Amino acid sequence: MIFASDTWAGVSDKVMAALAAASRHGGPAYGGDQITRRVEARFNELFEREVTVFLVGTGTAANTLALAMCARPGGVILCHSEAHILVDEAGASEALGSRVLGIEGRHGKIAPEAIAAALERFQPDHVHTGQPVAVSITEVTELGAAYSPAEIAAIAAVAHGRGLPLHVDGARFAGALAALNVSPADLTWRAGVDMMSFGATKNGCLASEAVVFFDRARAADFVFARQRAGHGFSKAWFLAAQMEAYLADSLWLDNAHHANAMAARLADVIRKSGTARLALEPAANEVFVILPQALDGHLRAAGVVYGPWSAASFPPAERPRAGEVLVRMVTTFATTAAEIDRFAAVLRGG
Amino acid sequence: MIFASDTWAGVSDKVMAALAAASRHGGPAYGGDQITRRVEARFNELFEREVTVFLVGTGTAANTLALAMCARPGGVILCHSEAHILVDEAGASEALGSRVLGIEGRHGKIAPEAIAAALERFQPDHVHTGQPVAVSITEVTELGAAYSPAEIAAIAAVAHGRGLPLHVDGARFAGALAALNVSPADLTWRAGVDMMSFGATKNGCLASEAVVFFDRARAADFVFARQRAGHGFSKAWFLAAQMEAYLADSLWLDNAHHANAMAARLADVIRKSGTARLALEPAANEVFVILPQALDGHLRAAGVVYGPWSAASFPPAERPRAGEVLVRMVTTFATTAAEIDRFAAVLRGG
Amino acid sequence: MIFASDTWAGVSDKVMAALAAASRHGGPAYGGDQITRRVEARFNELFEREVTVFLVGTGTAANTLALAMCARPGGVILCHSEAHILVDEAGASEALGSRVLGIEGRHGKIAPEAIAAALERFQPDHVHTGQPVAVSITEVTELGAAYSPAEIAAIAAVAHGRGLPLHVDGARFAGALAALNVSPADLTWRAGVDMMSFGATKNGCLASEAVVFFDRARAADFVFARQRAGHGFSKAWFLAAQMEAYLADSLWLDNAHHANAMAARLADVIRKSGTARLALEPAANEVFVILPQALDGHLRAAGVVYGPWSAASFPPAERPRAGEVLVRMVTTFATTAAEIDRFAAVLRGG
Amino acid sequence: MIFASDTWAGVSDKVMAALAAASRHGGPAYGGDQITRRVEARFNELFEREVTVFLVGTGTAANTLALAMCARPGGVILCHSEAHILVDEAGASEALGSRVLGIEGRHGKIAPEAIAAALERFQPDHVHTGQPVAVSITEVTELGAAYSPAEIAAIAAVAHGRGLPLHVDGARFAGALAALNVSPADLTWRAGVDMMSFGATKNGCLASEAVVFFDRARAADFVFARQRAGHGFSKAWFLAAQMEAYLADSLWLDNAHHANAMAARLADVIRKSGTARLALEPAANEVFVILPQALDGHLRAAGVVYGPWSAASFPPAERPRAGEVLVRMVTTFATTAAEIDRFAAVLRGG
């Protein structure tokens, strides 16, 4: 009963098989190989247009190297106050030259109006505040909510109105697609997204993330930024081999649909428990649960693995009350219905 | 006949098998897993003392994150003028806050006297020049030469005399051990090395490098620097699984001995060719060859893959003459004697 | 009727005279001169103990170079959400390697409990969040309030409890001393302050600020950081000559008492106006005023110069209501009673 | 007999008078004042075209903030191996994101061919080396030599041929103009210079340097970079007041002509001494002298102040021989003929 994180799962068999096959003979280093070329073509197909795409090994690398393409002196990136780029990347974007400014919003979402209000403080003639350089949102959000294409378009309109690119941290992008049942194009560039981190590690890969530029001119210096950050892998086909298998035969969407279904099953267990309750309705594979402290202790003692979470992006009325805790339970491509059922039994015994 | 680089090879079967096994079930993220614990213990054993060790995915990450632990305002790292950290990492160490100062020396080696002379320009009361913070050497060097333990000890004495730590870029460290037939301890901390990049990717792994601190106090902030650089892999056991297999049953040394033997066989072919000549005697798995231009064209046309190299660290008398080129040919754990023999035949036909 | 900022004032005659005298003959460059030595001694006297002190030309340089001495990988500086180092230095501290985290609090002050709560999110074993490296407060705050020695001591206790140094941005430090009627020692190191920016530019100097280290070991690399930032002035005696005159014959405290008295006079005018009202009681030389919009227009049309201000650090009940604006009016050593009286007349006519 | 550096001189009376006048009343902060506007207009006139100009307080700030406008990931600035930006700014340009690559050349000058050769190592498809982003030269050079307009044009042609801007560190630019008797326009943009540091501090000012952009589009983010570096002075008119007086009534050229004439007089003394000799013929106000060690001791004992210098940019045949030292003697606007004559007497007695 491991619901700690989607990063605790292993790797999809097909991904591993592809990696093993590629590893047998190697090939030109630093992305000069044919698998990388095929993956680039696959992304064009996937997004129904030409994109510029690069592979890296971690989500933090994807986010920060993408956003580094927007860096300017005094630059400020606007995002949600609980965004991974702000609170979970150990100052990575700051180290690459930008200030990261958090904006509050319910369930990890930022409202277009809140972005517009934050931008008000940055007036072109007031040099002290610095200058906004990008807006970044997370899809699905850190609280498991999914922005609809229309919601993204509204944010893009505000960003573009100030000449700012819109970046999406898509660490769980496949989960969002599976949840919303829309196309990759509709959820990104057709809604105004300029660049994105396209996650795969959390959904069946070992270590492979793509940075996708729809605003292709922004990508000019990416390879230098990647190399300077030590993210230019010599045997770079290892990233591509994973991604190729991940995107083949809809493995990636199948994995996401499965993880989401398991989350729905888990949510149902919570909903019916009478003791635990959902902090919000899950959109994808993360279930945020409010537990009485005693029950929390019971679950942990029974071997259920999960972690506490910050309630900062919930309105006060939705937060845990005294004697309660907010926790996150994450399902993955590898979660089984049996595991959820075992959890349900433990919960009932709590 | 691929002698382009050791980064063009595939992966040792045992490494891949270990990775596949670990990938089946995953485990605690970000290095909380048991394989990582076992690898840490293995490094203690390997170096015959307690060390602090971290795994990363690339050599540039290993070098720059290790050296970042020495960063201070105005800091200057001293190394060879052809060192990877200076000319091949796209400004990575500079981006982490240090100036990198190249010192000339034959065959990629720097002489202790040359380091001492360079340090003369940094006087404690002269703030403009900045302050030296580390000395870094490469073992084996960028020109395939190997420092002996005594040579390293002489450099360490100069560095320590100024209170500076000695870092070793050991991208091909196994090759050096195989060439010199000494123990890991003798070639490192017993000779005065304070921290090192312990390469594995070039010698049979997919993407796994260790940063080893003998001066363990230096390692205090490493995990934060690693995370900030996006090098904190979520499924970090993938680095450990490779390294565990690499260091088991002397696979790593077997691989290195094989690569070195193939280089020796290749060098012999060159030596006897009558047309090509060795730029220097190879110590490990890199063979630097001076070719008449016509022969260079012939070899490439025949499908031999290798690259040109800078002669900057050779004395003028040893450099290519008019009509000649300096090239590098690299053998690996996967190079076969048959491949060398085919090359010999092509060379004879040139 | 210039109340725009204390940075709009000229320079005290005695400061300018001292600068002119020093400029006649120059002297050893980069701080090797005797005036700098005397200023160092004067600071020891002023603070009743040995301190390590450096001079720079701007407040942003003072703040960021001081805080840079605390920088570590993944480092986070905690301060008020309206602090100058966070919102008015164009990302300076981020560019020197730290994330700056704002904490909300009334009137620009942060409560010890709020700092403690913010520190809760940084657990030693959770590398993603980074690590706190310093707490910084502003005295007087960005909203013109003054921390008492006891309030500072309470914050220092929280910071020190986590091993963090306490930095004070003392851009208006003289004003705080004048307001609180305490000694420099009581308001700093005796209350637990470890380092500070000691402002002089806003209170009669041209461009001279001191960075004072009570925790003297922190200062080891300051001169390198200063030089690297281009803040090592060649004719550095120009900073020292100003500071020497500023600190002589209590000019600095006289200037501050005068500015504060003018602010009190201005506040009295506001209080009695019946139209404008004080947003909070001024402690030093800044008067925050809530104006009906029409009155704001009238004042500006009459030639009163001042600027709007963010109400973000006021509780909702204290903020401007619809049709009102929050503005800041600043008095200086050069403000005259006649100027305030003219303003009073204009206000009455509004 | 102070020949230590032009930074040891005081300030021209007219500059100080202008500063004192401006200091009496202050004015809009952060460059919003009228003196700054007038200085901007004066630079247009001076260079016979529209330029974009900013004022800062130090030469290191001017150089590094100008060059920061060229920064890109993996960026490399090419300059002479003894250039101030490489060896005397404590890693400032590296800290702002660029690697600085030194190229050897006689008397501090770099040859166009040497730049072209260095650029050869940077091939667009080889990401490891990074990418060149600017060429920077010093006028007059660190060894006191002056590039002619034709020499600058030849370097500009190489730089522009690779799409790189040409930056001039003009810390002693007035001295070059006085030595070459050419116009500011001829020595800069008409010869292909894209941006420059226009020094004034070394030639009569207190602390004022201009960054001049001929390629005006490069200047877009300068104010943010300046503020972020703490170089946005609040009472910024203090920089402008100095510069206005410096550029009025040809004070700046008069000062430079005087300093150069004193250097010529000093060189003549050396030439006729029979004991000391010139290391090269001085172009402006720096005289590089080779002294027998005993004479060096005699001069110092007699109170002559000057410093040793590196002979690294001299061909071996021109360097000091055993028992000799290379020293630098600098004259300034404030040096008197009587001082030179006293020195001559001391030298004769050596």
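So that you can tell them apart, the chains are marked A, B, C and D in the order they are listed, and the count of residues begins at 1 in each.
Keep this in mind: a residue touches a chain if its C-beta (ideal position, glycine included) is under 8 Å from a C-beta of that chain, and two chains touch if they have at least 3 such contacts.
None of these values were measured; they are calculated from a predicted model.
The chains that touch chain A as well as chain C are B, D.
Distance between Cα centroids is largest for the pairing of chain C with B. The interface holding more C-beta pairs in contact, when B-C is weighed against A-B, is A-B. Remark: chain B and chain C have CA centroids separated by 50 Å (rounded to whole angstrom). One inter-chain figure worth recording: chain A and chain B are separated by 35 Å, centre to centre, where each centre is the mean of the chain's CA atoms. Counting only residues that touch two or more partner chains, chain B has 30, 73-75, 89-91, 95, 97, 127-128, 130, 224, 227-228, 232. Put simply, chain C touches chain A in their complex at residues 73-76, 87-91, 94-95, 97-100, 121, 127-130, 310. Of all residues in chain D, those touching chain A in their complex are 30, 68, 72-75, 97, 127-128, 130-131, 221-228, 232. Listing the residues of chain B that touch chain A in their complex gives 4-5, 7-11, 16, 19-20, 22-30, 56-62, 64-65, 89-92, 95, 201-202, 206-207, 224, 227-235, 238, 334.
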